[in-house]
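Two complexes are shown next, each including chain A; its partner changes from chain B in the first to chain C in the second.
Moving on to the complex of A and B:
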């Protein structure tokens, strides 16, 4: 018979959990044994419970034998503290009261463990599947791709209410211990109530000032994670999110697509160069347009200068208003096309892009060349493979545009340099965000 | 081969166009500029070698850190720091005032100079507060983006049909004139990028190899030759002196026939915008760090902003009161003073370093 101590613990645990339809307390008897199980059936797997606990309970004859069984089963752990028991219960473990013992039986239902296709970082060739929303599955995916004994996995929790399980993965051979320490300290100090996905960390990474660029890479690709592990990066897996966080991150990582290594060398290089040119264009072009039409039209050869001036002939306001107007429309279009249902998306783009652009030019509100510039900017902006970074870049072009409006060509030049300087200033857990030649972190 | 050392020297070589080196040299082209250059090369090179050899004996340490460990006399330290600080700060200041003048002259003639200055000051103040290592990274990126294209422009200049090699030869015949001190001082500026090592030695962790010096030696010669002779080749041996900024006017004589931007001057100035900014920033960063090093114990935020606003104040006053001719004349004397200070500091420091680490 249970002692009073176990009885009181049972009482107190049952008092802490609010009564609900899915909270199950079940007593089981045989001739010589008495077992109580307590679990939440919506998050626990009753089949597993039946197979590994209830069935043996009725099959094993002796009371002591069943106790041995319980104690030696790998899925069963012993009682530690009351608080921990309640927490495990809420995560889907079953509490077993047997004789003088309290056991925790791990029978969590692993929902959402289907591996999803990549939707954000798509590539033409190479692996096509991303992470799932289940932490064990994700860990498994990474282990499949990274079968190394030196891969270390540490678990912790983030989030005051959500108590989200977070795993820290790194290769002990390559990872920089200073950086690791900083990351652990950072994770310990994160103050979030509901932690659902890695992207939330982006904002809380800096306490004082908000950085314009993300300094951690959020990815949905297990192959990217595996590659980053081998270069000494530290990976954060979050329960319930199909995205992994890669730390520390440099700007180069944001400009790299996995397709680069799945292509031949020169194709990969070409694509990479293309992306950097796209980045440059999308930042500088609007500012350059304002600076060259309003301040220094003589910079171009005569024919070009004349054709720009000619196309602006009908436009009744200064160039920066024109640029702002069109950029604003473009941002609206981009934003709307994300929100729209997939079926209507193309329509909106057609209406917005083609018809509106055409009409705006004919009405003399903007020049033809402006339309070309705005679409170039919009397209080249999305050449940046990682979304979080390309969104930040969207903001930078307004800063350059503002400087160009006030200072002309000098504004464009200095604005771009300030953008670089700002990126160099940023650091991601002690590693500089942007350097020309990246030093390998795996110094011996 | 240490690339950081190379970058510092290279920046100074590139920036001499803005800081009146070609103007001064061309002014004395019949009065000993050629000989002056030939003399300046060994002088500048020796100074660069001596100082960089001496300071790289303390790998990874800037002058403030070295002073903390070894310097005994406080007043000597302040004097030593003060003179270097003044030299590097004024070098940056002249570059800044000169370039603001260039910008108003060639790009934004209608814009008030102070407005142009303000954006430069914002960028400079942002950059000089960064850690030394980061300033170096920015410099590296800027040089990486700009130097190849400036090299292309120089290549275009050398291969242009309009360059008159006869004028260059004509000036070359004045080889044996008595060298002028002003020309020597101006020409030796090409090598004096090593002065920033006082702070930037922090990022140089290993000993410099012989290669470094061989490369800067030949680069220096090439650079001086280009600086001096290309404007003469383009504008003629007499005509070259008519220009306030011979190199910028020279770049305006170049034409890229198939490029959308036809006039090279705009490309040239766009590149120089960032190179100048970086040059000023590394000079002022050195000055700023030296200042912080002098008063290491009492470092605080207020102090920092006082210094930064003093820098900006100097820049504002200089831009308001110095017009091009005056600035040019001041620069000539500044060059001579700089050479003097450099010789004294380099020799005393290298002797001291030799005794310290004998």
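Moving on to the complex of A and C:
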């Protein structure tokens, strides 16, 4: 029979957990044995419990033999503190009271462990599956792709209420210890109540320095994670999120698509060049249009100057109002097509892109050239492979546009210079953000 | 506290900079683009010049070609004329696309028009890559011509002058910056192509040569072509020669010329030209066999030597120097009075022309 000490612990644990339909307390008897199990059935796997605890309980004859079984089973751990027991219970472990012992049996249900297809960072070739929403499965996916003895996994918790389990993965050979220290410090100081996904960190790091660009990369691709591990990056896996966070991040990482290494050399280079041109165009083009049409039309050839002048003849507003109007329309369209259900999405694009664009020129609200410019800007913005970065870039073009409106071509130059200067200033956990050629990790 | 100060300083700078606008900002549709500037001598008037600006009127639709208007004003100076013309139009006049400057022939022949020439170079908004030509009979007549193939006003002149369009050895285009340099530089004199207005097209085949202040000599088409050879401007050309009763034409693919000024002691100074021509037989009155091409080459060489030398002598006799012998001499001699020396040498210098012709084939398969 249990001693009074165990009895009091049992009482106190049961008092701490609010009664609910799925909280189960069960007593089991055989001739010589008595076992109590206490668990929450909605997050514990009763089948596993039955298979590894209850079945042996009735099959093993001697009371001592069963105790030996419990003590030697890898999924069963012994009681440490009361608080820890309560926490484990809330995570889906079962508490076993047997003789004078209290055991914790790990029978968590691993839900949402299905591997999902990539939807955000799609590639034509290469692996097509992303992470699942289960932490162990994700860890497994990475270990599968990165079978190295030096891969170190550290666990911790983030979130005052959610107590989300977070795993820190890195290769001890390559990872920079200084950066690792900063990341750990950052994680320890994050103040979030409900931590659900890695993107939240983007926001919480921004609050410290109001960064315009993300300084960590959130990815859904295990292959990207594996590659980054091998270059000394530190990976953050969050329980319940199909996204991993890659730290530290430089601007080059945001411009890299996994497709680059799945292509032949020249194709990869070409695509990368294309992306950088796209980035440049989407930042500078609206500003350049205003600066050239309103300050320096001598830059155009005569033919183009006359055709722009002709198409702007009917437009009543100055060029920067025209650009703002069209850009605003485009931003609305982009936002709308994200929010809309997939089934109506194309309708929005058709209505917005084709009909509005056509009608706006017909009505003399904007010029023909403007439509071309706005669509070029929109399309070249989508060329940036990482979404978080492409959203940030969307903002930069307004700054350049504003400067161009006030200062003309000089403004465009200043704007672009500011953009570069700002990126040079940024750092991601001690690593410079704008390194086009990545510095080799593990300097020493 | 500190950030509040920073923000207010930033706000003041931004608001302050907004006040600075207004002067530069002018939308493209509020500007009238001048495509050509024409200057004539004023007739029946107390004023000196007649200035014409050809303004492009952009059309909204693609079906209509772009129209143009010519606004004229008589004045004693360019500045006056342009200021008055501004009062006649509704939009701001923009010279940034004025790529053609036409000087009326009569005006070019007159002395004392340096004011106009330098006005063009002084204006910031007139691009120095504009072409300068002499217009015949008047600038207005040339401005009025509208060739059928032209979609954008003055574009056919732009194409003729630039290498984008026609390539011909009879046009020696000259940019404004070059014209200005030639007006100032000792030992290099201006030369401008002459554009002649015909009913619906232009004819550009002669060249006018200037001394430092007015037009002095006109070269006929053949002489223009020869000058072209000497200046290495256009490779595609044609030269003709005669051998016996056969008159034949060479279509040139390559023309290279170089010269050197020799001033041997005790002997008269001379300039030696080396011209290398490569081409094929394009037209002939009688059959030329491949095996005897060398003999025909000799004939072409003789013909070219004579012809080029005549042109050089003609230019020398009128005392002008469009090729820049004087400049070359000054660049190779470092004494204080090199320019005075050259002025003594030039009138009596002797030209020696040595042409090497290579006819690669007869153009036919035998």
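Following the convention adopted for this analysis, the second predicted complex is superposed on the first by the 439 of 444 C-alpha atoms of A that agree within 3 Å, B and C clash if a C-alpha of one lies under 4 Å from a C-alpha of the other, contacts with A are read in each partner's own complex, and residues count from 1 in each chain.
Please note the rule applied: contacts are C-beta pairs under 8 Å (C-beta built on N, C-alpha and C of every residue); 3 or more make two chains touch, one makes a residue touch a chain.
Model, not experiment: these values are computed from the prediction.
By the touch criterion stated above, A:408 is placed in contact with chain B and with chain C alike.
By the touch criterion defined above, A:434 lies against chain B but remains apart from chain C after alignment on the C-alpha atoms of chain A.
In the superposition on chain A, contact is made by A:306 with chain C only, not with chain B.
Of the two partner chains placed by the overlay, only chain C lies in contact with A:314; chain B stays clear of it. By the touch criterion stated above, A:293 is placed in contact with chain C alone, chain B being left untouched.
By the touch criterion stated above, A:418 is placed in contact with chain B alone, chain C being left untouched. When both complexes are aligned on chain A by C-alpha atoms, chain A residues 295-296, 298, 406-408 touch chain B in the first and chain C in the second. For chain C in complex with chain A, the touching residues are 17-18, 20-21, 24-29, 31, 33, 35, 56, 58-61, 66, 94, 96-97, 99, 125, 127, 151-152, 155, 158.
Residues of chain A touching chain C in their complex: 293-298, 302-303, 305-315, 318-319, 405-408.
Residue ranges of chain A in contact with chain B, taken from their complex: 295-296, 298-301, 304, 403, 406-411, 413-414, 416-418, 420-422, 424-425, 432, 434-437. Listed in rising order, the residues of chain B touching chain A in the complex are 103, 107-108, 111, 115-116, 119-120, 122-123, 126-127, 130, 133-134, 137-138, 140-142, 144, 259-263, 266, 269-270, 273-274, 277.
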